[in-house]
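Two complexes are shown next, each including subunit A; its partner changes from subunit B in the first to subunit C in the second.
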Partner chain A sequence: MFELKNISKKVGDGYHIRDVSLRLEKGSLNVLLGPTLSGKTTLMRLMAGLDKPTEGDIIFNGESVLGVPVQKRNIAMVYQQFINYPAMTVYENIASPMRISGLSKSDIDKKVRSAAELMKLSEFLDRTPLNLSGGQQQRTALARALVKGAELVLLDEPLANLDYKLREELRVELPRLFAETGAVLVYATTEPHEALLLGGNTATLSEGRITQFGKSISVHNNPVDLSTAQIFSDPPMNMLNVKKSNGEIEFEGEKASLPQELVSLPDGNYKVGVRPHHIQLVKPSEDTLTVTAKIATTEITGSESFIHIEKSDYQWVALTHGVHRVDIGETVPVYLNPSDFFFFDGHDKLVASPARLQGENN
Partner chain B sequence: MSNTSLMSGSNTPTKLNFKWVTPTLYIVFLLLPIYWLVNMSFKTNQEILSTFTLFPDNPTLHNYAVILTDPSWYNGYINSMIYVALNTVITLSVALPAAYAFSRYRFLGDKHLFFWLLTNRMAPPAVFALPFFQLYSSFGLIDTHIAVALAHCLFSVPLAVWILEGFMSGIPKEIDETAYIDGYSFPKFFVKIFMPLASSGIGVTAFFCFMFSWVELLLARTLTVTDAKPITATMTRTVSASGLDWGVLAAAGVLTIIPGALVIYFVRNYIAKGFALGRV
Partner chain C sequence: MDKPFNNKAWFLVLPVFILVAISAIIPLMTVVNYSVQDTFGNNQFFWAGTEWFVEVLHSQRFWDAFLKNIAFSATILVIEIPLGIVIALSMPKRGIWVPFCLVLMSLPLLIPWNVVGTIWQVFGRADIGLLGYFLDWLGISYNYATNAVDAWITIIIMDVWHWTSLVVLLSYAGLVSIPEAYYQAARIDGASKWKVFRYIQLPKMNRVLLIAVLLRFMDSFMVYTEPFVLTGGGPGNSTTFLSIDLVKMAIGQFDLGPAAAMSLVYFLVVLLVSWVFFTVMTNLDADAPEKGVQD
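Now for the complex of A and B:
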């Protein structure tokens, strides 16, 4: 088990990491999710022992590892940039950690070949990394991390610089490969859907703090606060300020009645978050909040359309399936179902999430 | 064919082609002195002084024979090579760790120290001739190869640190960290992982050390008498009773150019980066 206890990292006057506590189980997959500059890499460097925390303690298998040099910790790390030893062949690159730990030649050979097999590198073992494609270079780095049999494996956006297809493939394989080694796997990413696809646990990071840690799907469905919800939504969650009184909510003069489960919320002002695919352009059968808004731009990806709409000071993105033909500048009604709403109070804490999800995960 | 059109160029302006002019002038200006030197080295003194010839009338290897058989000549080459090699080795072994520290660590006053390295290069070597002579005299180092090598280090070490720092800063820090994570100790990482990556920089740095030390005359002459006398000093002392030995001197010049030309050939692809102190 790997544990961070109230870790802080101060650089100059500012905190890069502030009071982070995490308990990561053996054989678990843990995603660090956060935008750039949220402190993912800093946190990983602290976990690896490349940097020392200003405050706090790091416990590994019941012992503090703060004073243990990187070389003596049994860890592996893969960076977003393809980091290999350019002067060595792929074979030597993969073999390098085992050469240092003094394994026998035949053991090394066996392990290198099986890792190369898994990473589809068998035919490139005699080349040097710079003569490989980006994907092959990164697979070399991953193979090196894999053969080491490290107890803590840190992957810092390992797939970010790869092309789409390769990313999909590796994303499926990676957790499986490392799970077999029983290591604590930490995977940093900026992409919410990657966290969901990988499964496991997710810790959302915002400005050097962990805002929430738990099963990826439950963090996604029940974010504790607004910033977690924002981090775990791409495109960003659409925000609107509503006023609740009795069984109704009011937004910019439009009213809608609340579903039964939400009527008990105290009256007052709320910030409401709506996921992009919950903004509907076609009137649904249920009772909805209907807002007339102006179409700003549209982005069509082929199977989906992102429609950017404006309503007074609000800017929203609606994600719709199929290709919708809408004219820019046109004013259209959009339909928001209150049962899809995430309600946040004055302190940005979640007070209600879509009711049907409440029932599933809690 | 193109010649005929060029000859009649003034009459048929459409056919004019002056592309050859620039490269020709360029080569003539650059190679004229070297051509003259090589030409002279194959002539007899008689021919050099009496007639004007673009090619030796009676090509002779006598001048080269003199140099390769007379110890006072060939010892000059040996002495030069010894202290140049010493200088290169000392400079690299000092500059490699220094450059690594400057490229990887932040410490108090690092930028100032880095800049101050260059201050020694701002003074002409002549400034240091006197203190070096006095210092080495007191230690009994005058007329030894190590004396010249050490004196040259004053100029080559700062330059080497600057060049190597540039090359090393181009190597991602993550490679260092990956090596530590893999379990490499610092010395092992430096020799097995880092030096191969910085090899082109090390080559260029060695070249600059060689070049500076090989052509430097003033300090080398001041600090030596006979045992470690460099070839460049020998060449300036060839006025004998019979006058100046032009042919031998020219042959010595040709032989002095060759090592430099060889070294340049090996680092030719990196040399521009070296002149930019590794910062490209």
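Now for the complex of A and C:
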């Protein structure tokens, strides 16, 4: 078990990491999800022991490892850039951590070959990294981390520099490969869908703080606060301020009645988050909030269209399936179903999430 | 009427052609012209064929100077390349001292050759030079004007002082381009400082080092100003390098034919050795890009 206890990292007057506590189980996959500059890399450096926290303690297998230098901690790290020893062959690269730890030649050979097999590198063992494609270079780096038998494996956006197809492929393989080693796996990413696809647990990071930690799907479905909801949504969650009174909500003069389970919410002002695919352009059969908004731009990806719309000061993105031909500047009605709403109170805490998602908490 | 081809391009190429002709081709061809003819002045020329080339290649004087050049370049490279790498490694990678160090390192490069020569010539004099006087005071006999070894040492120090900075700057450029993650990865692996140098820094620097070796070789092989200012090739013939000998022959003795033949041989040697250096070093660099997939 790997545990961070109230660790902080202060640089100058500002905190890069503030009061982070996490308990990561052996053999678990943990995603650090947060936008750029949210502190993912700093946190990983602290976990690795490359930097020391200014406050707090790091416990590994019941013992504090703060005083243990990084090379004695038995960790492995893979970076966004493809980091391999440039003058060594792939074989030597994979073997390098074991050479330092002094394994016998035949053991090293066996491990290198089986890791190369898993990473589909067998035919490239004699090449140097620069003679490989980006994906092969990163697989070499991953193979090096794999053979090391590290107890803590840190992957810092390892797939970010790879092309789409390779990323998909490796994303499926990675958790499985490392799960077999029983290591604590930490995976940093900026992409919400990657956290969901990897499964496991997710810790959302915002400005150096962990906003929530739990099963990826439950963090996604029931974000505790607004910033977690924002981090765990791509494109960003659409926000609107509504006023609730009796069984109704009001937004910019438009009204809609609430579903039964939300009627009991105290009356008052709420911030509401709506996921992009819940802004509908076609009137659904249910009772909805109907808003007339102006179309700003559209992005068509083929199977999906992102439609950017504006309503007074609000800017929203609607995600619709298929290709929608809409004219920029045109005013159209869009339909929002209150049962898709995430309600946040004045302190940005979640007070209600869509009822159908609550069962998936655990 | 639309012509798919016309001769307009020639007009665009012409200025460059004229410039190159004036600066390189015409002087070179003049030298070639001299090298195969004999002249006694009055603009009278007699065909000499390969006579001068044969004479130059069989003359002890040429090979003496040639060996001196080789010895000089080899010494320079052996000192300047490792020294430059060591200095580059010890320079700060970031912080307020970086610009300071860079300016300090660039200063010698901004000083013209003959000024460097004069500085050291005065500096090393036993009667008025700080260094010469100090060494004399210490009881070390040092006189570049009479002792060949002292003259060599002085010229080598001059060149090291003048040009190590170039190696430093090139190596430094190579070093700072290494992503921080490499060093982190090495720390995690528990690699020693030497291993970091051997397996990360050196391989990442090899391209700039190749350029440094090439530039320093070519430049040091053409050494002229320093020995010329210091002793004019002396004492005796001890610092008479090819370039100095060439000038003596061409302007001192007015032997234009042999001098032209010698300068062509000299030019070809620099070209050949540089080419060999380049080919060997790019092949040593196992990352020949045409072999594998690049992205």
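We take it that the second predicted complex is superposed on the first by the 360 of 362 C-alpha atoms of A that agree within 3 Å, B and C clash if a C-alpha of one lies under 4 Å from a C-alpha of the other, contacts with A are read in each partner's own complex, and residues count from 1 in each chain.
In this section, a contact is a pair of C-beta atoms (placed from the backbone, for glycine too) under 8 Å apart; a residue touches a chain by one contact, two chains touch by 3 or more.
Bear in mind that the values here come from a model prediction, so they are computed numbers and not experimental data.
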item	value
Superposition on subunit A - do subunit B and subunit C clash or fit	clash
First, second, both or neither for A:Leu132, with subunit B first and subunit C second	second
Comparison of subunit B and subunit C by subunit A residues contacted	C
Partner chain(s) touched by A:Pro97 [first = subunit B, second = subunit C, both, neither]	both
First, second, both or neither for A:Leu32, with subunit B first and subunit C second	neither
Contacts of A:Leu258 with subunit B and subunit C, given as first, second, both or neither	neither
Shared contact residues on subunit A - subunit B and subunit C	48, 50, 70-71, 75-77, 79, 81, 83, 85-87, 96-97, 100-101
Subunit A - residues contacting subunit C, complex	45, 48, 50, 70-72, 75-77, 79, 81, 83, 85-88, 96-97, 100-101, 127-128, 130-134, 136
Residues on subunit C engaged by subunit A in the complex (per definition of touch)	179, 181-182, 184-185, 187-191, 199-200, 202-204, 286-287, 289, 291-295
Partner subunit B, residues of subunit A touching it in the complex	48, 50, 69-71, 75-77, 79, 81, 83-87, 96-97, 100-101, 141, 144, 148
Partner subunit A, residues of subunit B touching it in the complex	172, 174-175, 177-185, 188, 193, 196-197, 199
